[in-house]
Amino acid sequence: MLPLWLLSLILPDPHLDLRQEAKFRKRDLFYSGALFLLPLVWPSPHLRYVMILAGINAILALGLSLFLGYTGQISLGHAAFFGTGAYTTAILTTRYGFPPLAGFWASAAVAAALAYFVGRPILKLKGYFLALATLGFGEIFLVVVREAHVLTGGVIGIFGIPLFSLAGFSFDTYLKQYYLIWGVLVGLVLFSKNLIRSKIGRAFLAVAASEDAASTVGIEVAHIKLGAFVVGAAFAGFAGSLFAYIMSTANPEAFGLNLSVLIIMMVILGGMGNLYGPITAAIFLTWLLDILSTYQEYSMPIYALILILLLITFPDGFGTRLNIRLIYLISYWGRKKRRERVDL
Amino acid sequence: MKGKNGMGALIPCLILVCLSWATPGYPAGKSPYKIGVNLELTGPWAEVAKTVKKAMVMEVERINAEGGIDGHPLELIIEDNGFDLGRVAANITKFSKNEEIILVVGPFEDNLQATSRAIAEREEITNIIICPSNPMLRALKQRWSFNIAHNDIIVSQRLVELCSARGYRKVLVFHAAHPLAQSLAEYFKRFGEEKGIRAIISKETHKPTDIDMTPQLIKLKPIIEREKVDAFYASTAGPPGPIICKNLRALGINIPILGTHAFGFGFIIELGGEAMEGVEFAAGKTVVPYQLDEDDLVRPIVIDLDKRMKARYGVGVDQVAGHANDTALLIADALKRCQGNPTRARFRDAFENTKALKGSMGIYSYGPADHDGLTKSDLVFIRIEGGKFKRIKFPGFE
Amino acid sequence: MTPWAHIPQLAFSGITMGAIYALVGLGFVTIARASQIINFAQGEFVMLGGMITFFLLKGVGLPYPLAALLAVLLVVIIGFLVHIMVVYPLRKASVPILLIATLGASIFISNTTALVFGTLPKALPAFWGNQPLQIRGVFVTPQSLFVLGATFLLLIFLYLLSHRTVTGKAMEASSTDPLGADLSGISRNLMAFLAFGVSAGMGAIAGIFITPIFYTSYHAGTLVGLKGFIAAVLGGWGKNSGAILGGLVLGIVESLSVAFIPSGYKDAVAFVILLLILNFRPKGILGSPFIDSRRW
């Protein structure tokens, strides 16, 4: 089983210039192409399945990075929006016979609406208190889902969610599901890039740089933060919907604090404030978890240990230091060469 | 600038490389029959899953030492699913895409079996689940899934017999919030009513991972007193069972307590302590190996299993180990009947045709309409006395 | 069936649990006062106290008091280790990173506990006796009285520590006036280090006292930790008296709520209270010396 870390090395290092990254570069085509060819070049069903999970995690990480990455505020309840999306799809398709595409959009809408109502009061808080409040929200979500079993099936969850299908074309094999999920991701990345390049996106960057300075130039900081929160939740809603279609079940245990922590780890490791980093980190972490399951009992402690080590080594994300270090090395070497020539 | 971080990106990659290459190899010989095992080795059911793993490993080694199946050794490929639905699905998918794997055992837990069974049905690979089936899944009539443990119907029937023998007329049922516990409660009520026993199913429930049930029991206490209930049925599996008993006694509630067959797990008495005295339930024969009838056909098997478990692992046999051991036995037996050509379809058919196979828990017979294997007579009545499991018998209820 | 009849029994078990929340909250406050860090692994110290004592008692066979003492010492060492290995390397990092790091430590501790000690819940023998006493219709276990006593004593200990010892005053100083503390030669890292030890010790003692009543299990620490933090915020973030008051209030309200709503919602009660407090009165009941600062 060839290690997939090779792939994550090839995928781009996070750029330091946020605005530059938002432009459309040749690199985007290259990576889209690589992703498109991957399951064809390597036709292992296991690879496809893990990449499907990685894709869902990537959508989650991308959404959260718009909030966490640009505003620097932690949301420990993001898994709740994921769950909201999954359950919305589950309920609408199994009980009310909604067509899959409608369920898909509805999930994002419901998650976004929930984020709006929850975010308005909560986002007044900052730092640890915001983290705590979002955590509280996440836990309340879990408890409500477990208890309201008439609506959500309680601890057992909902079964028999149909496969995603579009105008009669059903996404029933792993290959089709792979393209579905990564296709959605590509679409969301395009959306995000457009967002960053727009006026709202510039406001995001301003708020990320300094909230006070941003408010002095007339940016409504609270609205921006709420907007980022809602967009992140909408992405999570999409991801949840896709998750429900792939798993064909929805169960509360999948949407807990551990998942929220995992998503935050992806954003942090990918580097805050950029788009591709979290996606790379999502692929990396999903594969890590899969490889770890062969370790049986030891999988969770090893996972936590690796997380802590990664945090200590890369508090700014994977690629940033590598990038800086490499550039510095090259420029230092270049300067040294020039100095030697002058000294002669 | 600090120097060390430039090489830093290699660290996680090296970690991944080492982890993905560090899997153990197997000795060569006649090609092994591979069995995928998908267990919750981390998470709340880890203890129980580990017992399953230990018992299966021991039995497989014994079979291999005796020459395997016509010279083919059995090989278990064990993966942890961490009690997570996504990983359950990923593992069984991984197994089913591996051409050499003939069947998948697991997961153990009731909450997870539905996902695994659905995938097994789609991929057409036999899925053997250790925990009992439940009505919702039986209704799906899945061809490729089989259960090992005594199902809810026979357990409930046996428990009703226990109540009849003891003369209980009113029983309060407190069940956990998962399908098996609920269906146990409902079948108990239905069969009980046929025999004139009134079962009150409490609206309060508990989660399988709860470690304190005092709030629910405080609310049930007035009902117990007002209705003058004869016995309390804790319809649950795992740690909540003994915890409920302890909570009840701490609240001063002293009526007799009834349990499910899951009360036959090894850790139950130690967990509940003194509160377990007098608890009665119906469970598998491996719980009381030395108290079975002399003429019981499975008695020698149970005693032998107990001796071997003690010799190797230092603990005797219990309900879970019995199930796991029998799983291996059933698989080996079905493989033998495949006569050298164990394709997935042939294995499934062979397994479904298992008739009167003696395992430690009883005598297994499967068929197209019965994917559960055991019958009512494979359950015995047990009472906890003096900190030990003691078999009790009631005349007329054998 | 009127809910009101359950009240005395529920209130009492609420006070018992509330004392534990108070102790956990005190642990959070102690660390936060010394270092401005929230240690999400606090609940794990409580869990470890009970777990390690159980292991020393049943597995190694030590006498009960010795096992308890040794367990507290071990947990204090673990607290020091958490500081050295997780918090100190990240001392200059941003809030999100520190938060996730301590959460990661919490996940590591709880999962390693599951690995080492198994996943079954464990209970310790009661200190005095198993038979509940009956006081006016309410069943009171002697252990609960021990819990309340221990809380009281630990509170006194903390008071003496911070007002009567030099080290304690140094810890106080490094939180109320970091710059002044630096100028006076107080090493803030050392203060944070000590604070971790003190909090770990208090958490361990809380765990040992509570495990005879409530079982402990590898995942019990996380929830207890969160609720302890909520208690500290509820009562007035940053004040010892706030943590105590918040703990008791939280414990009682949570317990009483069971009488009126389905018991499954019990865990959500603490978080609902949290959201209400953060929304309407972030300073907490008794007010907080910290809330105006930028960090929070």
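So that you can tell them apart, the chains are marked A, B and C in the order they are listed, and the count of residues begins at 1 in each.
Heads up, the rule we're going with is that a contact is a pair of C-beta atoms (placed from the backbone, for glycine too) under 8 Å apart; a residue touches a chain by one contact, two chains touch by 3 or more.
Please read all numbers here as calculations on a predicted model, not as lab measurements.
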{"item": "Chain whose Cα centroid lies at the greatest distance from that of chain A", "value": "B"}
{"item": "Contact-richer chain pair (by C-beta pairs counted) among A-C and B-C", "value": "A-C"}
{"item": "Centroid distance [mean C-alpha coordinates] between chain C and chain B, Å", "value": "36"}
{"item": "Centre distance in Å when chain A and chain C are each reduced to the mean of their C-alpha atoms", "value": "33"}
{"item": "Multi-chain contact sites of chain B, meaning residues that touch two or more partners", "value": "42, 46, 177, 207"}
{"item": "Shared-contact residues (touching 2 or more other chains) in chain A", "value": "146, 297, 300"}
{"item": "Chain C residues counted as touching two or more neighbouring chains", "value": "111, 114-115, 262, 264"}
{"item": "Footprint of chain C on chain B - complex, ascending", "value": "42-47, 177, 203-207, 209, 211-212, 214-216, 218-219, 222-223, 239, 243, 246, 250-252, 267, 271, 273-274"}
{"item": "Chain B residues within the chain A interface of the complex", "value": "1, 5-6, 8-9, 11-13, 15-17, 19-21, 23, 39, 41-42, 46, 50, 78-87, 89-91, 93-94, 97, 111, 114-115, 118, 177-179, 207-208"}
{"item": "Complex interface listing, chain C residues touching chain B", "value": "1, 5-6, 9-10, 13, 111, 114-115, 118-121, 123, 130, 132, 134, 139, 141, 214-217, 219-220, 255, 258-259, 262-264, 266"}
{"item": "Complex interface listing, chain A residues touching chain C", "value": "68, 72-74, 121-122, 125-129, 131-133, 135-137, 139-140, 143-144, 146-147, 257-258, 261, 264-265, 268, 272, 297-298, 300-301, 303-305, 307-308, 311-312, 315"}
{"item": "Chain A contact footprint on chain C (complex, rising order)", "value": "38, 85-86, 89-90, 93-97, 99-101, 103-105, 107-108, 111-112, 114-115, 222, 226, 229-230, 233, 262, 264-265, 267-268, 270-272, 274-275, 278-279, 282, 295-296"}
